[in-house]
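The chains carry the letters A, B, C and D, assigned in the order they are written, with residues numbered from 1 in each.
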Amino acid sequence: MKSVVANYMISRKWLLLALVILLILLPFVLSDFRVNLLGRYLAFAILVIGLDLLWGYMGVLSLGHGIFFGLGAYIMGIHLKMEASSGGLPDFMMWSGMTELPWFWTVLQHPVIAILAGIIVPMIIAVILGFFTFRNRIQDVYFTILTQALVMVTVTLLISRQDVTGGTNGLTGFSTIFGFSLSDPATQRVIYYVTLGCLVIILLICSRLINSLFGKALIAIRDGENRLRFSGYDTSMFKVLVFTISAGIAGLAGMLFVMQVGIISPTQIGIIPSIEMILWVAIGGRGTLIGPVIGAILTNSAKTFFSESYPDIWLYFLGAVFVIVVIFLPGGLMSLGKKLKRRNSNEKGQTNSKADYSAS
Amino acid sequence: MEAILIQAFNGLSLGSILLLIALGLAITFGLMKVINMAHGELIMIGAYTTYVMQTIFTQYMPAGLFDLYFILAIPCAFIVAALVGMLLEYTVIRHLYGRPLDSLLATFGVGLILQQTARSIFGAPNVGIVSPSFLEGGMNVFGMTVPVTRIFIIGLVVVCLLILAFYLYKTNSGRRTRAVMQNREMASCVGISTRRVDITTFAIGAGIAGVAGAILTLIGPIGPAIGTYYIVDAFMVVVVGGVGMLVGTVVSAFGVGVMNTLFEYWTDASMGKVLIFVLIVLFLQWRPSGLFSLRTRSLD
Amino acid sequence: MKKGKQTAKQIILQAKNTSVKFGAFFAVKDFSFMVREGELHFLIGPNGAGKTTFLDLVCGKTRESEGSLILKEKHDLSKLKEFEIVRKGVGRKFQAPSVFGNLTVWENLELSMKQDKRLSHILRAKPNQEKDAEIKEMLALIGLSEQKDEQARLLSHGQKQWLEMGMVMMQKPSLLMLDEPIAGMTEEEEEKTGELLLKMKEKCAIIVVEHDMEFVRKYSEKVTVMHEGQLLCEGTMDDIQGNERVMEVYLGRKGDTADASTPAARSVV
Amino acid sequence: MKKGKKTEHTRLIAGFIGLVCFLLMLTACGDGGEAASDQAEAQMHPSETGEEVNIDESEQIPVGILHSLSGTMAMSETSVYEAEMLAIKEINEAGGVLGKELVPIVEDGASEPNIFSERAAKLLQQDEVDVIFGGWTSASRKAMLPVVEDNNGLLFYPVQYEGMEASPNIFYAGAAPNQQIVPAVDWLLENEGTEFFLLGSDYVFPRVANQIIKAQLEENGAALVDEQYTPLGHTDYNTVISRIRESEPEVIFNTLNGDSNVAFFKQLADAGITSDDVTVLSVSVAEEEIRGIGADVLAGHYASWNYYQTTDTPENEEFVAKYKEAYGDDRVTGDPIEAGYFMVHLWAQAVEAAGTTEVDAVREAAAIEFNAPGGPVVIDSDNQHVYKTVRIGEVGEDGQFTEVWNSDEPVKPDPFLEEYDWASDISGTLAGE
């Protein structure tokens, strides 16, 4: 029986391998523009791995990951803006009446500091937030809604402190990254492969985590946090840790995103983008690491496809996918094969995939 | 002194609007544990119903009867939103009882569809509503002039609240509703049709959202995306009040309203908004289940 | 019972005048209780008597309004968090089986077993032979060796009960609390459970909340009867059966008992 | 064991179905897939694109249209998009440009700056258009700016904005501050009063506009009684109205955006404050917004634009008639709609003059005059902005404006306010860049 588990793992490994090879090869057949798009999707794919740890495995739904994604993106954005203005005051600061750079702008001028800060700052914020929130047993729906409140706070602050953040315009107009021209296709390809590399590394690290006893504990938290607490685990610390890890991953994703898109603005981190991120996880298959990755890439490709061809229909489509996936395919695309097979052979096992997530 | 009095009234007025938008949610979320992200779109439906009523009156009714449109629009908004709510319950929500977070995602999708539908039918730009003449102007209350509209809204909220409380606590079907919400299995054992109760309850919650939409046309824009302005506020009010407690929602709506107005007065609107949300986050740390909550003995 | 022997045994749990208040209602009122090492102590009483609330109190799920709760004569339970209480050696099996549905039987046991459960350690935890052997032993004991790779939510009700008992035992507690362990079991399973209890009692003190009087009579050494949150009487089963007030509570006031089984009172777990 | 194998297979199959779908999607909209997306285009706008689906270089010129057709900005941008399509249709009916037909490639910016940047890149790189008509918010323009500069494309931007920018790759068809805000303040000071209350949404345009206004007020010895910003989408103006009551301004200069205008004006009217008590001059309220707010609460207040539906020129009469014919009698035009309309014509004429659509040549040839519905417009080759006539209008009961003042002749655009000494602190060193 144990081989079931083993086989299951093997199949995912093959799928991962196929995906990675495909992603390595695609830049050779696609135009620069498409490669750049794909690179953005990969940044999103990195983000959803963290979200999946948090929601898919541990059952904690955060609608506030836009914040961490945004923090990473803004930190990298500030760095790139500093490179572009070579230490001078960006235009929006001038017309906002600023006379010198705020301290954190100066600090982020250094590339190493910027990269580290892009990951660590979201993590620090997540630790503080998570520590109080999870210690105080703010659970389920309450946590989810609380994260929405935090998104509102963040977005409002970003917009109203436009003298240091660029306001609704966000940060844009970058020229170089670590000295390399951002508009050069070669630079973009390097960034693409760096993103892919980050994705693979994070995927591997997380799958190790998931397959350890720690991973079991996460699933146990989803199934019955209180039961686990009565087994002697300090579950809130587990939650804080996973929340923090996912925040760090989101920060990294944000940094990679901004390098490829060349702009970060508050609309990218609001409530709606934060919910969309969750959809990518749901479509791919929560509780499987590879599923959300595929989900993120597929959904964003679909978004591009539809809004290029049928802009009016995109919202109908997106809405319908939300409803259909949640109601009929809670296991996402990864459960599709299982589901089809069950229908065909009418298997006896009552493993209704809905049951998997009844607790979530 | 007068400034404080006026701000107090402004707080009360904002509170009444918050209560109106949160009341429907207090039912669907509070009682049924369904996180209905399409609540904002139900508000939008109520607003558009009012617009349609106005159009009908300007085109087919004698001009002298024009003001009546608004009186009629309120029940119509209730009915239309309730019908949409029923449809929503029947097609989507009923699959999702006991899965609150999933209901959040699915209804968010429904919200997107409803928004786009409104955009297709009424066009992307906002539409305009002419307030009925009896709601124009100001009234003298304690020596200050306050808009009649605001008094009307406060009055209407009180009426809605009374009707709802009467329904839930004094009628048979209300009792049945509470029975189902408290213990589904037990209620179905004693012969209550839980399906019917679910669908009625959800329809009532949706209908109240529709009424809120009709009222909001008096003070705000009417467009496909207006639901998004109100939805987060509505959730905050319900959560702070304590899920499942009508009285909690009332207290929290007025509390948030007054605090928000004061913060805005002391700082500015953006900071006011930031402060009120920060306050809510801190408050939840202190009372994770809201102002009023039942202490239960269940494990989860 | 010889008095001398009794005093030699360590007091595992001592509750003094504990009260739990829900609003204006006392679920437990001025209740004192003591369990010693190696004791199999039954806690009985009509529905709503406060038995489960008392267990909740011991494991930290609810907090006392008054009184004191001391574990092994040194740990004040009211000051500890739930998981700390567990780490000090209190195990609890809930009334409705609560296992981790999406984990396998094996994984359920692996998570529960006595080990350093701090986050830093769990992150580095590796399976090893010793652990495996221990889990296998437990699987055999609870009769789930066959199902070890099955997801726990697919087990039958009885199997889940067994699994949860196994999970609690894996914690190697010094105080074990079982809330209606035989509810929904067949006679044969009941028998097995009883035997298991006798076996376990050698390793730890046990408190069992039970309604099935046959079962209580068969295995009990010491029985405490609770009524309306208060101690009614304590003693052997024979003492209890002879007690007038117990008769009154159980037989004379049936109406009350029926009333007490309203959802609010029953919705434990 | 057997079960395990099967699971593996089905998983693999599911995975590959996913990958194949993904590949299909990429290729469908990828390099070789123009036909597919153009077909879609043709279905959407059959009248504009005709039966042809492939761009035939010798017969057709692709042009990009990039506006938010979904999301919060759709309510404003949809009309501009329609005006641009109308202009393209007119040009094609008149024989096209350089004898070739214009083929609009429409993209949705979805009210998100990063989508604007992405779509702009798509239009320039994938569809190889030379010109994009699009954008509304400053954020969308800022997002497209690096893209059009890097790819050497042209962007025509139809909306008034805060200035402080002059990219060689952007033509600004909306008003710069000196063509809308500065003359409006002058007019107010002369006619309505000297005590100003500044009210705006909390984002870039109002903040910068108010910086300018404050400097101008100081220069003129006028008083600023209060300055308030509300978050985007704010709907409760009670507190702001209390402040207005307390500070008793003579003039409210309103830079609120979108929906907030509706809430503000309705609640102002409810509070019993009319245009007799205080004058409100808005710079983001055009005819279309008036319909959403209700003319009854706006009557008597003012706006500053370069064009109104009532502007009395022969070109406008024709434009309004055509617009209504195309999109419905109940539709109204407005300043950004007019800008969207004339900038397409402006570009077409520049292309005719240059004899090519090639960007540098078009820029060289762009300084031509065109009789727009709002009066003659000329592109200023110094800063790519447009000479425009400034008009101040009063809202009437019917929701239309009555012009109360105009600048007589087109005003030279001055995005960095270099002509104004008092503004030197604001534009700083920007102009030099």
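Things to note:
Note that in this section a residue touches a chain if its C-beta (ideal position, glycine included) is under 8 Å from a C-beta of that chain, and two chains touch if they have at least 3 such contacts.
Being a predicted model, the structure only gives us computed values, none of them experimental.
Looking at A-B alongside A-C, one finds more C-beta pairs in contact between the chains of A-B.
The chain with its CA mean position farthest from that of chain C is D. With centres computed from CA atoms alone, A is the chain lying nearest the middle of all the protein shown.
Chain C and chain D have Cα centroids lying 71 Å from one another. Per-chain CA centroids place chain A at a distance of 32 Å from chain B.
Separating the CA-averaged centres of chain B and chain C is a span of 46 Å. Among the residues of chain A, those touching two or more other chains are numbered 4-5, 156, 159-160, 224, 226-227, 312, 315.
Each of residues 61, 94, 98 in chain C touches at least two other chains.
The multi-chain contact residues of chain D, meaning those touching 2 or more other chains, are 69-70, 202, 229, 231. On chain D, the positions that touch chain A within their shared complex are 1, 3-19, 21-23, 25-26, 28-31, 36-37, 40-41, 44, 69-70, 106-108, 110-115, 117-119, 121-122, 125-126, 137-139, 142-143, 145-147, 150, 162, 164-165, 202-204, 207-208, 211, 229, 231-232, 425-430, 433.
Residues 33, 35, 37, 92, 95-96, 98-102, 104-106, 108-113, 115-116, 120, 228, 232, 235-236, 239, 243, 270-271, 273-274, 277-278, 280-281, 284-286, 288-289, 299-300 of chain B are the ones that touch chain A when the two sit in their complex. Residues 3-8, 10-12, 14-15, 18-19, 22, 26, 30-34, 36-38, 40, 91-92, 94-97, 156, 159-160, 162, 166-170, 172-174, 183, 261-265, 267-268, 290, 294, 297-298, 301-302, 304-305, 307-312, 314-315, 333-338, 340-341 of chain A are the ones that touch chain D when the two sit in their complex. Chain contact summary for the complex, chain D toward chain B: residues 69-72, 74-76, 78-79, 202, 228-231, 233-236, 238-240, 242, 245-246, 258-259, 262-263, 266-267, 269-272, 288-296.
Touching chain C in their complex are the following residues of chain A: 1-2, 4-5, 212-214, 216-217, 219-220, 222-224, 226-235, 237-238, 241, 349-351, 355-356, 359.
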